[in-house]
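Below you'll find a set of structures to go through.
Two complexes are shown next, each including chain A; its partner changes from chain B in the first to chain C in the second.
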Partner chain A sequence: MSFGPFLLLALMEGMVTSAVLALAAVGLSLVFGIMRVVNVAHGEFFMLGAVSAWFVSQWVPGPPAVAFVAALILCPLFVAAIAALADMVVLKRLNYQPEATIVATIGLLYILQQAALSFYGPDARPVPAPFNFRVQLPWFGYSGYKIAVVAASALVLLGVWRLLAKSRVGLIMRATQYDRETARAFGINVDRVYAGVFALGGGLAALAAVLIVPIQQAHYLMGTDPLLLSFIVVIIGGLGSLRGTVIAALLIGLSDGVISTFFAPTLAKIVATLLVALVLVFRPQGLFGRRAL
Partner chain B sequence: MTVATRIWAVHLAVLALLLAGGFLLPAYHQTNVAKVMVLATYAMGYNIAFGYTGLLSLGHALFFGAGLYGAGMLVQHAGVGAGPAALAGIVAGGLAAAVVGLLALRTQGVAFMIVTLMFAQAGYLTILYNTAWTRGDEGIVIAREARVLMGFDLSADLPRYFVGLGLFAAGLVLKLWLVRSPTGRVMVALRENEERSRMLGYDPYARKLAALVISGLYAGAAGAAYGLLFGYVGASLASTQYSILPLLWVLLGGAGTVLGPLVGALLMFYLIDYSSAFTTASLLVVGAALVLLVLFAPKGILGTLRDRWLKWLP
Partner chain C sequence: MLTLSGIDAGYGAVQVLRALTIEARTGEVLCVMGRNGAGKSTMLKTIMGLVPATAGSIVLDGLDVTGLPAHEVPRHGIGYVPQGRRLFAELTVAENIEIGLMTRRRGQRTREEVLTLFPRLRERLNQVSGTLSGGEQQMLAIARALCLEPKVLLLDEPTEGLQPSMIALIRDTVVALKATGVATILVEQRVDAVLSVADRVAFMTGGTVAETVDAAGLTPAAPQFAAYVGV
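What follows is the complex of A and B.
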């Protein structure tokens, strides 16, 4: 294959990474933007989504498409419930104090990882894709499912944007973000908003994982990379800015695709982590948005 | 008895107990306690940054790894003796801390945590990337013949225990002296109220950098000792988990107490050791301990003791 098509392939792979990354990162960004909580266990919510999708694919009989649709609905709900529980039992009692919540979510990370290891095991297992067809380009064939992933996450992101910007729920969430004391004075149940936002963040990560799991197998340690990449995206995009997050996800996903294809994947990660550290040091407001941390 | 003599008496008594342990403990526990003392030295360094200066770093594995690989690769690839290699490891830990500190200390709070985490992750990935030198995940096993310090075979139980004890004792005495000195008081002042210390004429940036470099020297020393005493230099020892563990030990023992890191490391080590007899869920123990500590005992064991009864404990 010559350079042009090769680059196109790299960019298409990058688009898939970007799409999934954008979903996971928007979840992280929402939690930080509204609750001011840095959720280190976010990657484990992603992992739980993938692992529970495998369980659903085992339990639900019939063609893979049915099981996949079931997983697409059940897994995010399951993870959202766990996230809401974690918020009510642990984070709320810490009064959302920044450093204590980070330590607590690190603890949560280990607990969830161990739970996955104990109940699911150390193996990586595939989940069948709901459909298999190849889109034949002049130079190479490309998986139709991957294109569907990009479309699906674009739809979900649009939905999240509508929820935040146009709905009453979004209004309440934004009011809580702006000033939680005043929101409380106006009769908003801030505790419920926080639990809901944490659940939404976890659910988005799980949804991203269900979408990616037919391409990338489910494994109990798979949460680390999405966590780091989501952090990177959220910091570069500027926290709380949905648009910035999506642009940064595209930037990081595409460059990850290109660098991983032409160089080593590890090198791509080194460059990205150093980049984010330097962005935080020299441009804490992110490349596109308001001040992040 | 004045407070100063009481303080020194308590700490020297702990060292005497550990010394006696070298002769009395059975071989299995001797190895364990030797490991705990090395890890506690690492945690003491972490405590200087976190417990005393208020710098919650999530990237100390980079400094530990710098010591580990600084010493290990010199021994392995350049045939350097254990003594000079250990010194190089200490310097490497301090240097890594200085470089990270120069940049990361421009940020504060949560941003500081993430910046240190990212630098450590980049370091870990660099180790994985340079497989030819570091052998990546698999790690380097240092040959027995190379692990000799002043004629003592570091792979034998007794010398290993006493070298570990020597390192820990040096670290403990230095730290006790440091935190009771005017420099140590300024560190605590920075933790409590940075603006007020600035107003009193101290330069927060320079002071924090100094604390972080001291912390890095401790981590480097512990890393070098770990590689030379236990003969293994692997990437997993520089992973994020090794940034979290000292935080856990310090929180458990008591942040901002001199003996806290030892108490925390010892308890946690044996908690995992005993629980592994009936469950393999060691991660669960670590995770649950973190959550429970931060919920119910944010000051740790010695911190709570100090609040209740032992007001003089440094």
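What follows is the complex of A and C.
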């Protein structure tokens, strides 16, 4: 294969990484942007999405596509419910103090991880893809499912953007983000907004995991990498900036695809981490973030 | 319309309000004066449920609203214009108004009424509210509170830092609202502004109301101003 098609393949692989990363990172970014909570357990919501997708694939009879669609709907809802519960039972009681919530979400990380180990076990298990056709390009064939993942992620991100920018719920979320006391004085139930945002963040991570699990197997430790990469993306893009998060996810995903293909995956991680260091030194608010209010 | 009796309130261990009793009547402007730290703003926040009352009761139109969750208080018809305006500064004028309308599910008719009151805001609906001039921001803060069609309106130093024409506009608005039967509590530092709109004046000191007098009998030289406000 000559260089051109090889580069195309690398970029396509990068797009899949970007798509999943963007979904996971947007969840993290929303939670920080609106609640000012650094959710260290975000990767575990991702893991729970993948693991619960495996359970759904075992329980739902019929062709893989049916089980997959069921997982795509049920798993994000299940994880969102756990996230909302964690918010109401733990974070709310800590009054959302920044340091306390970091420690609490570290605790949540271990609880969820060990729960997955107990109920799911230490094995990595595959979930069958809903369909298996290949798109035949002139130079190579490519998984149709991976292309569908990119499309699905783009649609969901568009939906999140519309929710935030155009809907009444989004208006309430933005008002709460800006000034929660005044929001209360205008009838906004801030507790409910916070539980909802935390659920939405967890649900988006779970959705990303359900999309990726036919490509990458479900495992109880799989949350670590997405957590690290989501943080990298969110720091580069600017915490709380949806546009920045998506652009940074594209940057990290595509460079990861290209560098992993032509050089080594380790070099891709080195470059990403170096990028974070440079952003932190020269533009601490991120590429698209605003300076602290 | 709104009665506070024997209210204690404060922030954590620091008690600010002590056995505070005050009453706002329908169609009346009650001005609240007092030195910095007398508890004027805290009183308004306590009415809104933003600062919890540890003793006493707050009764709105026969309904006990003491201890209600803060987001339920405005739904019973209390509009709040906080000190320093506290707009949702990154949202547009239209979005700030929308938040006000959502509080009591008011619709297009209320929106029209409020925008008719402040035509300047209608011209700037899509402008980000943080970029408005100080006076326009204050108009928006009042407009947002009026979107509730409040029975009681709480204004915390609305004329602070504004030019005279804007102060006159705000005074006219308060007078117009009075005619519609709204009970207004106006926290204000300036004697002339108080005397031009007030029906009664409550003087606060040390977290409680020391004296309430009819405005009709007050002149700028009244001893209360010297005793409680220091002017």
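The rule is short, and it goes like this: the second predicted complex is superposed on the first by the 289 of 293 C-alpha atoms of A that agree within 3 Å, B and C clash if a C-alpha of one lies under 4 Å from a C-alpha of the other, contacts with A are read in each partner's own complex, and residues count from 1 in each chain.
Everything that follows uses one rule, which is that contacts are C-beta pairs under 8 Å (C-beta built on N, C-alpha and C of every residue); 3 or more make two chains touch, one makes a residue touch a chain.
No experiment lies behind these values; they were computed from the predicted model shown.
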Clash or fit (per the criteria above) of chain B with chain C on chain A: fit
Partner chain in contact with A:64 - chain B first, chain C second, else both or neither: neither
Touched partner set for A:190, first chain B, second chain C, both or neither: second
Which of chain B and chain C A:106 touches, first, second, both or neither: first
Where the C-alpha centre of chain A sits as vertex, the angle toward chain B and chain C in the overlay (nearest 10 degrees): 90
First (chain B), second (chain C), both or neither touched by A:144: neither
First, second, both or neither for A:94, with chain B first and chain C second: first
Touching partner for A:130 - first (chain B), second (chain C), both, neither: neither
Partner chain in contact with A:170 - chain B first, chain C second, else both or neither: neither
Shortest CA-CA distance between chain B and chain C [superposed frame, angstrom]: 18
Interface residues of chain A shared between complexes with chain B and chain C: none
Residues of chain B that touch chain A when the two form their complex: 56, 58, 103-104, 106-107, 109-111, 113-115, 118-119, 121-122, 125-126, 128-129, 240, 244, 247, 251, 280-284, 286-291, 293-295, 298
Residue ranges of chain A in contact with chain C within the complex: 168, 171-172, 174-175, 178-179, 181-190
Sites on chain C touched by chain A in the complex: 48-50, 69-75, 80, 82, 86, 88-91, 95, 98-100, 102-104, 144, 148
Interfacial residue positions of chain A with respect to chain B in the complex: 38, 90, 93-94, 98-100, 102-104, 106-115, 117-118, 224, 228, 231-232, 235, 264, 266-267, 269-270, 273-274, 276-278, 280-282, 284, 292-293
